[in-house]
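See the structures that follow.
In the two complexes that follow, chain A is the common piece, with chain B as its partner first and chain C second.
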Partner chain A sequence: MKIGGAYTLAVPQQRAYSLLQDPDVLAQCMPGCDHLTRIADNEYEMKMKMAISAVQGLFTGTVRIADSHPPSSFRLIVEGSGKVGFMKGDGLLTLMPEAASTEVRYEGDVQVGGLIAGVGKRLIDVTARLLIKRFFEKLAEQIALQPAP
Partner chain B sequence: MATTITKPDTLVGKRIKRKEDPRLITGTATYVDDIQMPGMHHACILRSPHAAARIRSINTHAAAGHPGVVAVFTGADVAGVGPVPCGASLPGLRVPHHSILAKDRVYFVGHPVAVVVARDRYIATDALDLIEVDYDVLPAVADPEKALAPGAPAVHPEWPDNIAFTYHQEGGEPDKAFAEAEVVVKQRITSQRLIPTAMETRGVVAEHRAGQLTIWSSTQIPHLMRTLVAMMLGVPENLLRVVTPEVGGGFGSKLNVYAEEALMGFVAMKIGKPVKWIESRRENYLCTIHGRGHVDYYEIAARKDGTVLGLKLKLIQDLGAYHQLLTPAIPTLSVLMMPGLYRFRNVSADIIGAFTNCVPTDAYRGAGRPEATHGVERMMDLLAVELKADPAEIRLKNFIGADEFPYATATGLSYDSGDYAKPLKKALDIVDYHHLRQEQARAKAAGRLMGVGLSTYGEICAFGPSPATPAGGWESATVKVEPTGKVTVMTGASPHGQGEETTFAQIAADELGVTMDDVTVIHGDTAVVQYGIGTFGSRGTAVGGPALYFAIQELKKKIVKFGAMLLDSDDVSFSGGLCVCNKSGKTVPLAAIAGASYRAMKLPAGEQPGMMATYFWEPPNFAFPFGAHIAVTEIDRDTGQVAIKRYVAVDDCGKIINPLLVDGQVHGGVVQGIGQALYEQAVYDDNGQLLTGELTDYAIPKASMVPWIESSHTETPSPVNPLGVKGVGEAGTIGCSPAVVNSVVDALSHLGVRHIDMPLTPERIWKLISAGGRA
Partner chain C sequence: MISQSFEYSAPRTLAEALALLAGGDAKVLAGGMSLIPMMKLRLAAPGRLVDLSRVPGLTGIREQGGALHIGAMTTHYEVESSAVLRAKCPLLAETASAIGDVQVRNMGTIGGSAAHADPAADYPAALLAVEAKVTLARKGGERTLAFSDFLIDTFTTALEPGEILTGVIVPVEPAGAGVSYQKMLQPASGFAIVGVAARVHNGSVRIGVTGLSGKAFRAAAAEKIFAETRDVQKAAAAVPLGVEANSDIHASADYRRHVAAVYAARALNAALSRAS
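Moving on, here comes the complex of A and B:
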């Protein structure tokens, strides 16, 4: 399933880029994720709760950052599996400077399997969009809370 | 060939309510899940979430240690169990080894990987989550045409082309016919993957006690299952008993031998306790066979006057990852029936069986014939459109004549009997076809989208002569008159909802001159009933019925001998439940004759005591029912919703034993046909994930989605058997989907629509209307 969209963050490009690479920020902003543990350069172990339709479960897996071209783009690869199935997301994030703010464009592919695919597929598209929206909203909150360094 | 007159003095031919229904509608019937036993354990199966993956490792330690769990088995534990059998054989068929639990690789989502046995089902389910499987996920392919494309992921690495078999059949001179044709019409036509959706999912109970293994299974074929599971488990067949309690629908999905049937036998032998496995609905959708799965490329050759000359078919069958019992044989039935009811003397067909990373396809109500009928009936409509001819006229012009039977088809069959114009003309009369077309013209002028769709189907049923079947095509019956005069019938056909407890009681009661209440029909227990084949392919009445008839004829000889002895006469006949001395007029009733046969104070010369006969009847040919269905539809221009305004089914299934049951079969069949035409489709995504994994996403028709079905009949007896019966279990499904699709295409034809693939969802129709008919 293809996903794509854009969200504007009220910080300059360089600042947006470093926020999006910060595991603590990512952990706080990823819905259902309590923490990210670094296991290698640009690779983190994650635990994430997710609910789709009547199915909810804990996913364990990794978050990986690849193809970094600071401050304009990088790829975010999220893989997780749990009792209710597995998910894999691979997205390219492009940061476009807009005066004092930054437009973050994302496009990628989400795959799910197992019970969540058979039961929740109708809602996965909507759920993915919702989760991404929540992610950026949280990020915006973080930005509002943290004055620029 | 005249309509058979129902004799008022016989039970055969009467609308009689089913003997089996009171227990079915009062909740007193016993299904597999109703079986309770002391010490019974429960099994749940871990299934692959991936369509293709290597299994690096399986860790069952935590699951095995979970409180209440008694055993966990994986592929390594069942290495000694034989593979899930494929009964079909075709030249060069590639048969993958189908282990009952995955060994080092999984091939479809739902592939069984491990089984947990626990005190109760909930503990077993919880423990499933504790099994850790390390998968190396591989690319998968879920579409048969994509599987055949170069570079596609190999479902089985040993066969990178994903081709399980190819099969060619031709008759006459197809190339010449096409070269000489004045008109050639071509169309790609699909018959989508469907999920049979029996109301009762599968279920197995197994018990191993004192060296005897008993398996209760919701199956259509208890005896064949016994033989095959005994071979898989290496258990002597005479120490394996298979019991089929009530079966809540099969539609072909239980005409199979599944991994779980052998697996539960294995578990019961290992743990020394009874074990139960009940399939969940989600498992049923993932792991029980699917049906259809055709991509067909048709070409029809004709003269300008509408005379058909030839038919060509390239058929791509989505087989799934494995062959279940009959998987590769199903599309060959489509080829056999591809000429339909028409005088196609020149035909050519090529099948390509394609492996995909999906659950196997196999027999589903109609099994190959709905696909064939959909194809030829769509093609006849396309030809009619091409020639601007009336679809009824073009059919009547090309029907095999009523005086041409037995008719040898170009595909090598011998159609037994028929009068194909008769049901069509009757259906046209019922809908008042001429006026209907006028009404359609008025509707069109008023901007409404109204369609009239015809389907005239022929089907092959009463499977079948043994040389044409993988496991024997005969059927068996035993009839006993008990010492009190009550009659017990044992049929090998194992009916499961078709109503043979009623129809066989009608036959036996008529033949023996007793009441229906005096007759009990027993089936579905290999320890009680003589070997039989089972119920599928509309064969229960058409093959099992004659077996019963002949068993009764054997028994009657004995009854007459005992009657003659008791009446002290050499001129005795048996009728109406009495032996009559034709000289003195003295009589002796059946109960007295039976009693005397068991008491055996005196025996007729050369006779054994008792009153029982068994007959194994081998049919000399298939039987070929036929009929005509008409669907009148109206389409909502704004939403694309199809409404079936009228549905007329005129079916000829030969002699009718019980019109009420025949109507029930037609109704059920038509509903499943409407399901295929309008609503149902098993959808896999590109990674082999089943997206229609439960009933919220897989749309079987609800009562509100089904029109009033106007069902009537013509009766052309079959010469193949003494009852003149043909079979009607699948007719409704076979006749239905082309009638509905032809009707919708007819409604949209002025927009330039030639063909629409099923299911005709509102979205699909709306897009066509919105695009002005362009797909």
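Moving on, here comes the complex of A and C:
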């Protein structure tokens, strides 16, 4: 499934880029994620507890950053699996400077399989967008909380 | 598949239900038309179900101070067939009659549907168009929220952990108001691919839309265009503008946007024909 969209972050491009590369920031913003453990350069192990409606699932997997072109673009690859199924998201994030803020455009592909995909087809698209929206909302909160260093 | 084992409680009072819910890992059972299938598929595995069907005061429809109070456990069939609602808030009754199938309407409840916040559920479109409120009970208190503030996002509401949605409040419609709910349904599930609820009174219109995006919403731009031009086609065409539309195997985003405009025009025309 193709996904795409844009969010504006209230920080300059360079700062937005470094925030999006920071595993602590990513961990705090990914819905249901506690922490990311570094396993290699730009590669982290993640544990994610998702709770949407009555569905609760524990996903384990990896988060990887690739094709870095600071400060304007990189690829974020998230893979996870759990009892209710598996998911893989591969997205290109492009950061466009806009005066004092940055527009982050994302474009990519999400694959969901297993039990949850078999029975939840109707809802995969809306749920993926909900999670992405929560990620950027959390990121905006983080930005509001921590002024630039 | 059989669900994982769980504790089942059928409290006789609201206080008891709230206490059981505070125990954590518990879900409210309010008809179970979404929750039970999810449990059988083992997508959901709550440790305890708190069945509200025996809690007194959560069913039925009563009129009070120009508003109709509908208990959370009132079934879709009861809403659909209520003489009071048919006369005083016909949009809700009409919408209830379009939900799922007979079995779902006999078991599913208005509170269950509102709290579940499925992006393709029928009720939210109507609840937005009639400017409904919901009452939420917690230990030692109660609060009332506009449904538009209650509905936050896909499967996401303002319900705090430990809170129970106890009822829905809708205003009595003034004489001369015209309403209609028009829905394109997905035949297997009965869910709306797109559903549009329209309510016209004194030349102004309220439009609630479900199924089109991640959550049901009021089509504010379309309402404004109608108020200014009284042009049904122009207003209907504005309903999907700027909306990030859902896409699934049944309907692409572009198709959904198209259907939304067509069904908005149908709902507006039907509501206008009933208004006076």
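Going forward, the second predicted complex is superposed on the first by the 144 of 149 C-alpha atoms of A that agree within 3 Å, B and C clash if a C-alpha of one lies under 4 Å from a C-alpha of the other, contacts with A are read in each partner's own complex, and residues count from 1 in each chain.
Going forward, a contact is a pair of C-beta atoms (placed from the backbone, for glycine too) under 8 Å apart; a residue touches a chain by one contact, two chains touch by 3 or more.
All figures in this text were calculated on a predicted structure; none of them were measured in a lab.
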Which superposed partner A:I143 touches (first chain B, second chain C, both, neither): neither
Partner chain(s) touched by A:R122 [first = chain B, second = chain C, both, neither]: both
Chain B versus chain C as contact partner of A:G5, first or second or both or neither: second
Per-residue contact with chain A, leading partner among chain C and chain B: C
First (chain B), second (chain C), both or neither touched by A:V112: first
Partner chain(s) touched by A:L76 [first = chain B, second = chain C, both, neither]: neither
Which superposed partner A:F86 touches (first chain B, second chain C, both, neither): first
Overlap of chain C and chain B interfaces on chain A (superposed complexes): 1, 83, 115, 119, 121-122
In the complex with chain A, residue positions of chain C that touch it: 27, 34-35, 38-39, 41-46, 116-120, 153-156, 186, 189, 191, 213-214, 244, 246-250
Residue ranges of chain A touching chain B (in the complex, touch as defined): 1, 81, 83, 85-86, 111-115, 117-119, 121-122
Parts of chain A lying in touch with chain C, wherever the complex brings them together: 1, 5, 52-57, 83-84, 115-116, 119-127, 129-130, 133
Residues of chain B defined as touching chain A within the complex: 49-51, 109, 129, 282, 285-286, 685, 687, 689-694, 696-697
